[in-house]
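The structures considered in this document are given below.
Shared chain: chain A. Partners: chain B in the first complex, chain C in the second.
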Partner chain A sequence: MRVERIIFRNFRQLRAVEFLFPHSQHDLHLFVAQNGTAKTNIINGINWCLYGDEPHISRGSEKLPLLNMNCLEEASDNKNEITIVELYISVDDEYNIIFKRIQKFIIKKDIQGRNKPYENGQEFNVIMQRRNSTPEILLNDEAVNNVERFIPHKIRDFYFFDGEKLDSYFRETTGNRIKETMNKISGIDLLKTILNRLQTFLLDITRDIAKANPKADNTSQQILFKSNLLKEEEVARDNYQEQIRVAKQRLSDIEEFLKDSPDVISLEDNRNQFKKQKIQITNKINKAVKDKNELLYRVGRLVLLKDVILDVNELIKNKKKNNELPPRIDRDLIEDSLKTKMCKISNQDLPPICITEFKKIIEKFELSTNVASQLTEMGPVLNQFENEIKKFPDLMKELTVSIVDLEADLKKSDDSIAEIDNLLSNYQTDKIRNLAEERMELEKAKDSSIGRLAIEVESIKNLKNDIEILNSKLNNELDKIELNKSRLAEKELIDRTVRYLENIIDSLSLKIKQKVQERTNELFFSLIWKKGTYNKVIINDEYNVELFHSSGFSSLGSASAAERELLALSFILALHNISGFDAPLFIDTPVARVAGENRINMGKVLGNISLGKQVTLLFTPDEYSENIQRELSHLTKNKHSLKLISNEHEVKLEDL
Partner chain B sequence: MADRLFIDSDDRRKYEEIKKVIDFLSDKDTKDLFIFAMLNGFKNNQRKQLNRREGFVRTEYLHDQDLAIIKSIAISYESFDILTDLDNVFKIAEELAHAGIDLLYLEINSQSLGSYEKRFEHEVISKCVNT
Partner chain C sequence: MKSFNKEIYEEIKILKSKDPKIGDFLSDLLDAEQNPSNHWKREYQEKIKKYAALFINHKSEL
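Coming up: the complex of A and B.
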């Protein structure tokens, strides 16, 4: 199958563009365009034409109307406009088919006077011309069925690619999806449909026959119940597999977006930590400043009075030393005790010796003055002042250093916050945060689906086992029933056919898997530039593709992006080869993930592939580097660039 | 003995002002403000007679530490004997505080560089280093 021609009219930036794909020895077609210059829209346009959706739509384009913006802006109020994509393909020189999708719009002005397109119906038709016969026009369901016949929707991922995702192809694609695709491409699906119908038919006949024997009838009912349950479980299994696939794909898109973005959630956590830290440090600084101020007030003023304090204290000490200061006594108490000759503390008579001693104390006290008493009181206070003055410089230094250190810590926190703010200011943080949160949710959902899938798989296995046992039991019970020969023969025939078909499907699936595996190996090892690094490619029982290193270890995860891309291409080509589904390849940004020597190698590989298959490559100018041009440019004359014109709402096609 | 310490009636607003401006005085009571002003007068060796006396601090609120400072200063101006006349001790304190609060008020309203606290800190540290 080849794409011969694509006509775009008013499809996004492709206002009036026609692409032709003439055949030459190398069926290679090159398009070069800057990002945002409708490169991906070519692939989207084909998808939209065939299936009515745009799987590779960029985030910015989501809100733009399908209708070309210039067409929209130039339209008058209430005017009808249309978007059309026509895809011309040829199949084995047998068919020429034109797929054509038309979206009708009516243009109306909104409140602000701007033109807005309102969808006004869609048409899809297929014109099919078999060789030497008249063209046939197919509409609606018939048209859709024809797309499914030639380019099934389910396997579009096997001929339209985003090159940037090829290297992660096997990470995103589940084994089951590969199996499903193999079945679809190789036609095993058709056999499965027949098998399903025969199984239902067999079940109906068996139930009918079993009605003659209550035991058999009961077993038959059980089989029916379990069979229905099995179908439900299989649907659930497929749903979980699809959920896992969708989650993986979305995760890959998110990873792609986030790969060069900062981890906003962690950064914001860090920022909050720094802010908390800042508050704590500020509180500590405030406390230290308060302590310092208090010390400055309490002791600082004493420091200024230091000389006086030292002098007065020295004088007091000398007076004490010279016994010029009396002991601190309660003179009134002693005098009162002497007067009454009774101790006022113990309330006992004073012995003569005490009276003598009391008199001596009074005499001594008489000698002292009121001044001396005051000085005695001042002494301990001035001593305390002296001590505080002595300790003051160290305490001040300690507090000052602590404040300086805390201020340095505060600056560090401020700098870190500023650094984070600066980093985040360059990104759409809300979007990144939302995506990061979505990623977290998806990871959870994916893990949950994987867990449930395992339960479903186990449950399906048990149900199949139960059904097999019940079938065997039913057969024994049916043996006991006298049946008319033709009915029995009918049942046996269908039974045998079912088993036969099951065996055929199993053996065919296995053979196709083996063949795809062999062909993938042949292609991969003929195309790879490092011949000795890898040993083999295996498609395992779960249909997961594994690449084995020459040392014997599974090494897909550690292969380079170029090697993984090559493996994906080899596998896809093998699928095409073995299934006989000779579809063209459209690869958007084919070497975006590959640099240096590997880019040259990939260029060579893509050139080689185009010898037997139509290959259309959509490069960015950076990708279409000198070395890529050296490898590919001479292989084809169909080389074009897409350039924006006028107000960037349209592109034009130019020869390279 | 007088039951209170007096200030010049013009000084009250100056005390209110320094309390607002000097950070480490913001939580201090009138007794502490009086002593701080007195120390400032002493530091600058300036005494000034009060014109219109107005009671400011009740002497019963003075702690031993406050009395020790007031009395030490009085002794440094006179001799130990001054302690026999506490009214005179307080008079010296009042005159020093009157001159001191004036100087403080002038200083906080001058264009001196840096905050008063910084200059005070610098002065105190210099005094520690030099003696």
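Coming up: the complex of A and C.
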């Protein structure tokens, strides 16, 4: 299969560009373009044409309309415009096929007077011409079925891919996906379809025959029941495998997005902590300020009277010392007690000795002056004032220091909050937070699916075993009854075909896996610069690719990005090679992550591959270095560069 | 479209030499699967009957 021609009209920066792919000895086609010059749009355009999506779209372009910006800006209000991508392919000189996708737009002005494109329907059609036949136009489902027939969506990553993502290829692709791909492109899937269909017929015929014998009928019904169960379990297993693959893929995309992003959840948690802390500190400051104000109000005015208080207190103390002050007594109470001869406190009769003492006190009291009495009452109050005045400076200092410290803490919290706000302001925090949460959920879901998958696999194994035992039992039971010759012949035909098919599928899967493994090894060790570092590449029974270090350890995880890219490319080329699926190869930025000797080897390998396969390489100018030019330039005349014109919304194609 | 792995043809070739009737039957089914149709069930039934009849004839010849 070859891509003969691609026509772009109003597809992003490809406003009116036609790519031709003339065949020569080396079916090699080179395009060189700066980043942002529609290079990746070529691969996205092919994908969009065939499958209606753009798997390699950059974050920036995602927000831009599909319709070319110049076309959009030049359009008048309410005008209809279209984006078209047409892909012309030929298959084994037998078919010429045109895949054509059209997106219709209606242009309307927004409130700021800018043109906005509104999608107004999409069309997809396929024109297929078989040799010596009239062309056939296929629409809708029929058109989609033909894409699946010639370029299945499931395996598109094996011919249109981004070289820069090759290093993460084995991280994103599960063994099961590789197995599915190998089955699809090698045709084993077709054999499996035949096998499944024959098994369905076999079950029907066996049931039909078994009806003549109740025992056999019972066994055949058990087989039917278990077979149906097996199908359900296989569907469930495939679903879990798909869920795991999708989760891994999504996790990988999330990792890619989050790898340079801050940990928003932790940072937001920290910010909330700082905010709580700030509230606590503010409360403490308010309390300290209140205490300080109260102290100032209560003791501050005493401080102003400090000298007077100290002098008066000193005077009182001296008077006391010289017994010039009466004791602190309630004269009215004593007089009243004397009058009634009863103690007014205990309500008991006063004994004579108390009466004598009370009289003495009254006499002494008669001797005091009112001033002396007031002085006596003032003494304890002034003592308290004096104490408070003494403690006042320390208390004030303590509260002031505490307020200063708290204010410093408050500033620290404010600074930390501002720092986090500043850091987060550079990122799409909502998106990062949502993605981080999604990652947690996906990890949980993935682990759960892995657990369930293991249960399904075990259950499938047991069911297959049960069916095998039941089949053998049924054959014994059928041997004992007279059978309709033609039905028996049908059963035997299908029985034998199924057995052969199962063996062919097993043996082919093994052979293809071994050949892909051998070819991957050959290609990888011809590509890699450090020949002695690695020992071998193994594709295990689960179709997981492992790279073994010369010391014997599995070392894919520790290989460099360039080494992983080389391994992935070797593996993909081996798949193309061994599967016999004659597909073209489009690689965007094929050597971006590979330098030096590895880059030269990569160039050589890609050049050699183009002898038997259509290879289209989309380089950046940096990639299209002297050593790459030396390896590839002389192999092809179809060399072009893509250049931006005028306002950078369009590119034009120039010969290199 | 010849998108098959040549190994499949090799396997069918081996099968034809070992068990020609089954080999032919499988080869016929493979050809049919290359141009899938919505009537596969009927096509399969016809092929099964055709090859089963050959089977009976072959056995009676023996």
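The rule we apply is simple: the second predicted complex is superposed on the first by the 427 of 656 C-alpha atoms of A that agree within 3 Å, B and C clash if a C-alpha of one lies under 4 Å from a C-alpha of the other, contacts with A are read in each partner's own complex, and residues count from 1 in each chain.
Following the convention adopted for this analysis, a residue touches a chain if its C-beta (ideal position, glycine included) is under 8 Å from a C-beta of that chain, and two chains touch if they have at least 3 such contacts.
As the structure is a computational prediction, the values presented were derived from the model and not from experiment.
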Exercise for the section: Based on the superposed arrangement, let me know which partner A:494 touches: chain B (first), chain C (second), both, or neither? Expected result: second
Practice task
For A:201, decide between first (touching chain B), second (touching chain C), both and neither.
Solution key: second
Practice task
Considering only the touch criterion stated at the top, classify A:124 as touching first (chain B), second (chain C), both, or neither.
Solution key: neither
Practice task
Look at A:95 in the shared chain and tell me whether it touches chain B only, chain C only, both, or neither; answer first, second, both or neither.
Solution key: second
Handout entry: Touched partner set for A:381, first chain B, second chain C, both or neither
Key = first
Exercise for the section: Look at A:187 in the shared chain and tell me whether it touches chain B only, chain C only, both, or neither; answer first, second, both or neither. Expected result: second
Problem - First, second, both or neither for A:303, with chain B first and chain C second - result: first
Practice task
List the residues of chain A that touch chain B in one complex and chain C in the other.
Solution key: none
Fill in the blank from the handout: Listed in rising order, the residues of chain A that touch chain B in the complex are 293-294, 296-297, 300-309, 311-312, 315, 369-371, 374-375, 377-378, 381-382, 384-385, 389, 392-393, 396
Practice task
Over in the complex, which chain A residues touch chain C? Could you list them?
Solution key: 91-92, 94-95, 149-150, 185-188, 190-191, 193-194, 197-198, 201, 485-486, 489-490, 492-494, 496-497, 500-501, 504, 507-508, 511-512, 578-582
Practice task
Can you check the complex and tell me which residues of chain B touch chain A?
Solution key: 23-25, 28, 32, 35-36, 39, 42-43, 64-65, 67-69, 71-73, 75-76, 80-81, 83-84, 117, 120-121, 123-125, 127-129, 131
Problem - Parts of chain C lying in touch with chain A, wherever the complex brings them together - result: 1-8, 11-12, 15, 19, 21-22, 25-26, 29-30, 33-34, 40, 44-45, 48-49, 51-53, 55-56, 59
